[in-house]
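You will see chain A twice below: alongside chain B first, and alongside chain C after that.
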Partner chain A sequence: MSEASKDQYYVPHLAKWPIVGSIGLTVTVLGAINLLNSENPGTPWVMYLGLAIIIWMMFGWFGEVVKESEERLYNTQVDTSFRMGMIWFIFSEVMFFACFFGALFYARNFSVPWLGGEGTGLATNEVLYPGYEGVWPTNGPLDLGGQFTLIDPYHLPLVNTLLLLASSVTITIAHHALRANNRKQTVIWLIATVLLGAIFIFYQAEEYVIAYQEYNLKLSSGIYGSTFFMLTGFHGMHVTLGAIMISVITVRVWRGHFRPESHFGFEAVAWYWHFVDVVWLGLFIFVYII
Partner chain B sequence: MKYLIIVILLFILFSLGSAMFYLVKGKGQSQNTVRFLTVRVALSVLLFLFIILAAYMGWIEPHQPNFLNRP
Partner chain C sequence: MSHDITHDEIAHDHHDHDHKPKGFVKRWLMTTNHKDIGTLYLIFAFAMFIFGGAMAMVIRLELFQPGLQFVEPDFFNQMTTMHALIMVFGAVMPAFVGLANWMIPMMIGAPDMALPRMNNWSFWILPFAFAILSSTLFMDGGAPAGGWTMYPPLVLQGGHNVAYLVFAVHLMGISSIMGAINVIATIMNMRAPNVGYLNMPLFVWTWLITAFLLIAVMPVLAGAVTMLLTDRYFDTSFFNAAGGGDPVLFQHIFWFFGHPEVYIMILPAFGVISEIIPTFARKPLFGYVSMVYATAAIAFLSFIVWAHHMFSVGMPLGAELYFMYATMMIAVPTGVKVFNWVATMWKGSMTFETPMLFSLAFVILFTIGGFSGVMMALAPVDLQYHDTYFIVAHFHYVLVTGAVFAIIAGAYYWLPKWSGHMYNERLGKIHFWWSTISVNVLFFPQHFLGLAGMPRRIPDYSTQFAEFNMWSSIGGFAFGLAQVFFIYIVWKTVRGGEKATAEVWEGAKGLEWTVPSPAPYHTFEDFGPVDLDKMAHGKTH
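Here is the complex of A and B:
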């Protein structure tokens, strides 16, 4: 391997991880198809094997990138491609959440009022669901999943909002500390961020248990239950992923990776955490409060 | 009050977007990314406090399922 030069794009000599990733994806999808198509309950283990291969690929591939980055093999061209990769990843994430927020918006403001007879939907209401009032939240004209109780936004969700906000404050302090080359402070505040994220996930799970067992609010509770669990569930998965990413970054800072003037890996993960927090603010406002 | 909340949320989105812009364009040299992220957090804390105030003062009320409104 040669030192990074300004003009040449760094190309690894032996890139085995892409083919490992392809095999992992194929095995995962074959396993999932087998699981869904079997007449008898299929075995999930083929899918799990595929997922294990993907996780192995991630460890191996990301590990190599970290190693090559610390060996200063990357020049500004590679740096630009990392930044481009980040913006496309974030674009897909924004569109992903836009879909679910869009579904919530459409259901609340259009389809449910139409079913309730608003605007030009009078005939729809009279013929299909006479007597149905299109008021949000609703489990739909057919009372899908039965009646449910709403989660009080000013208990667990409020605590969770405070937890995530606090974690954003701590990661911002860590960010400033890294720029000031204060590694000890950076590590401490990063650990605090991961812990706050973990407590958030714990309370979110607690909320789901209460919703299912006490409030009869389920994924199958009509349009409200579906949008509620899809939005908060996928957000929870993103918090989990973000917490894992920050854990990795913490270990890297601990090991002396990154420099005050060059720390894209850190900054990208920090931005991602901020993004996940803003999505939660949107959820707290549009799903729980307004 | 709902609209004020949404306006603050839009400012938060703007600062988050600006931070992303400088993350991609700034090559890590400038302070702009961390600055905009700090603004983003400060605005979010402000919004959180405002929501609590609005709820306490009764300016906003949580929604209720339609079957609870039926006689």
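Here is the complex of A and C:
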């Protein structure tokens, strides 16, 4: 019966998970809004409930897709649809990061120099902020958050760069092993990738602790703190998500879900991981070094 | 569960049964059928159109006479803000996604959208997103009132509604991005084997390019509102000069999204019009390939002209000049399109059914909106128009007599295919003339108001503006009523009426006219080659 579907584009006829996902998103968002708006420390449990619903939805939804895939209901055309979906999803993520990089470039090249009196900002500087130099890095003319120290790019960030680059290599080795139908090697190299990602996240967390406790560098440290923490923070969230995705894929490899010639789930996660890696290189250069 | 249904289906002959899921929940909440989801989108969009329209009625009521009569200024600002957000994200965009869902698979010979489950999710996020946004109307402090453009610092002073606004926009963005990914995957991967890119109907082409724009800019909007959120709740300084940020930064990011966004709302309209005019002129579309290139050129230019929305914020002179010239270049590909529509009609055997009437009105009235756009592209004179009723007139000409007229034209054009019944032509024509006259009474005087200096987003005005405002309000009420009449026409058509043939329109080209009316629940299931002779651009390329 599965062979009959080979020349047929598989169209599922009912989907119960999307509505679960919508409810999950709504509960999460309402929980977050209430948390943000409450005067006293509010309860995060509504948001957690929403996140739990979303996780449940993902298990259910992906589980259904995995099951269908294992039943060989998908032909190569369905596979192509999935690939396109992932590629364009990653493109949307690229644009999301581009937005924050754009904010960084604008602040460094335009708004900060203007506040320092460059170009048409002369009057602004002399009237509003006399004496402000407008030199990057800065927490602005009113010194928001107080003096801070910069993170040295050649300590933890450099180690993190090497970790992520190495993890890109390990996931590629895992991919080759998978294509050679060597399940054990694949699992080993995937676990190595997850570990490298986990160490990255650990160091990133340590860097944040140092920044807050010793360097007085905070999210509220003017435009430098804003761009630094938003860019590295969103990146860290993506690494975390990517590491979780690779963990799931590792279990799936272990269970024998993938074939040497057909393993879209693996490839999608690998693309995502490389994307996260490239974003980090951008961060390392434009946030830490320059 | 779903597999069993599929296998049953495969065992059957594809063309004899509908296989609609039984029960309301399964049919509508859990559907993966592109036609059902298209219907959901269209109904939702129309409901939002009426909801946002009701807010417009409040605005026009207050502006009927100078002085404050009916609403508080803050509530007036909530109305202008919510009207725009709901019309842009709740009415126009979902309506076009609804048309895409219904028509794209049928136009390219595909059995469904490429990712049917995600298609369901794209839709079912929207009602929740708008429930979250609209709930602010009933809260202390009310709805967002800082304008749909959400400029800081004003919007950040909105109290509790900032978080609702930001997260609602996030949800709308997720929905749009998933919808756009689905459209791209469908068009690139699901065309019948012998349908090439240059065989595709122009509606499919414009949607392909629109979907690309959506994926490129909706994440940028998400980033912008995220920065608003952190500035409001987490003490970041993106838009705060004291911390080295700049409120103008928000405007740059917002309009980097916002300018492609206006093409997201008009390119599919171009596609609809390019389907309708050839049918009723009984001639192939003039300059098909140039239409494709013009669409792509408009999409490209839309990314590099954003700051023409900000001529008055104090940009360096070089930037003003660059954005002025780049903006004027958009008139070139747009002119190609208008020329091609006119040339298509040249010496055609024209008839003037309702869809054609709305399309003709589109060509004329959209062009008026385009011309006022060229006027505003001139940086030195824009300082006079900026934030006046002239801009309100401009974008309502391109969005109401542009995008909305195209949606209405498309609805009349394809309604027989969807419902299996012909609409009442006489009622359709009444709707057309009623709408077209009233919409001009509504928006044309606003040009004069703006040139005379009446600012937008105000509940009260100098008495010199009284007469034109009264005309505008009368036109507004009449136009609003005309759309309620449209509900009646659609309702009557869906419930009964003359049976439509498969072809519906004499000489209409395109695969959608080869399937029966109403279109069967599943079409093109065997995914075989299609008859290219039936397509408007089938054998010529």
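Here is the rule we use: the second predicted complex is superposed on the first by the 271 of 290 C-alpha atoms of A that agree within 3 Å, B and C clash if a C-alpha of one lies under 4 Å from a C-alpha of the other, contacts with A are read in each partner's own complex, and residues count from 1 in each chain.
We adopt the following convention: a contact is a pair of C-beta atoms (placed from the backbone, for glycine too) under 8 Å apart; a residue touches a chain by one contact, two chains touch by 3 or more.
Quantities reported herein were computed from a predicted structural model and do not represent experimental measurements.
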{"item": "Chain A residues touched by each partner, larger count belonging to chain B or chain C", "value": "C"}
{"item": "Which of chain B and chain C A:T138 touches, first, second, both or neither", "value": "both"}
{"item": "First (chain B), second (chain C), both or neither touched by A:V169", "value": "first"}
{"item": "Contacts of A:R252 with chain B and chain C, given as first, second, both or neither", "value": "neither"}
{"item": "Which of chain B and chain C A:I285 touches, first, second, both or neither", "value": "first"}
{"item": "Which superposed partner A:H235 touches (first chain B, second chain C, both, neither)", "value": "neither"}
{"item": "Contacts of A:T76 with chain B and chain C, given as first, second, both or neither", "value": "first"}
{"item": "Partner chain in contact with A:P18 - chain B first, chain C second, else both or neither", "value": "second"}
{"item": "Partner chain(s) touched by A:E261 [first = chain B, second = chain C, both, neither]", "value": "first"}
{"item": "Contacts of A:A103 with chain B and chain C, given as first, second, both or neither", "value": "second"}
{"item": "Overlapping contact positions on chain A, where the chain C interface meets the chain B interface", "value": "84, 138-139, 224"}
{"item": "Complex contact set, residues of chain A against chain C", "value": "1, 4-5, 7-19, 21-23, 25-26, 29-30, 32-33, 36-37, 61, 64, 68, 71, 73, 77, 80-82, 84-85, 88-89, 91-93, 95-96, 98-100, 102-103, 106-107, 110-112, 114-115, 119-120, 128, 138-142, 144-145, 219-220, 222-227, 229-230"}
{"item": "Residue ranges of chain C touching chain A (in the complex, touch as defined)", "value": "1-3, 5-7, 9-10, 19, 21, 26, 29-33, 110-112, 114-118, 120-121, 124-125, 128, 131-132, 160, 163-164, 167, 170-171, 174, 177, 180-182, 184-185, 188-190, 215-220, 222-224, 226-227, 229-230, 233-238, 240-246, 248-249, 252-253, 256, 314, 316, 525, 527"}
{"item": "Sites on chain B touched by chain A in the complex", "value": "2, 5-6, 9, 12-13, 16, 19-20, 23-24, 27-29, 31, 33-34, 37-38, 40-41, 44-45, 47-48, 51-52, 55, 60, 62-67, 69-70"}
{"item": "Of chain A, residues touching chain B in the complex", "value": "76, 79, 83-84, 86-87, 90, 133-139, 143, 147-148, 150, 152-154, 158, 161-162, 165, 168-169, 172, 175-176, 179, 224, 261-264, 267-268, 270-271, 274-275, 277-278, 281-282, 284-285, 288-290"}
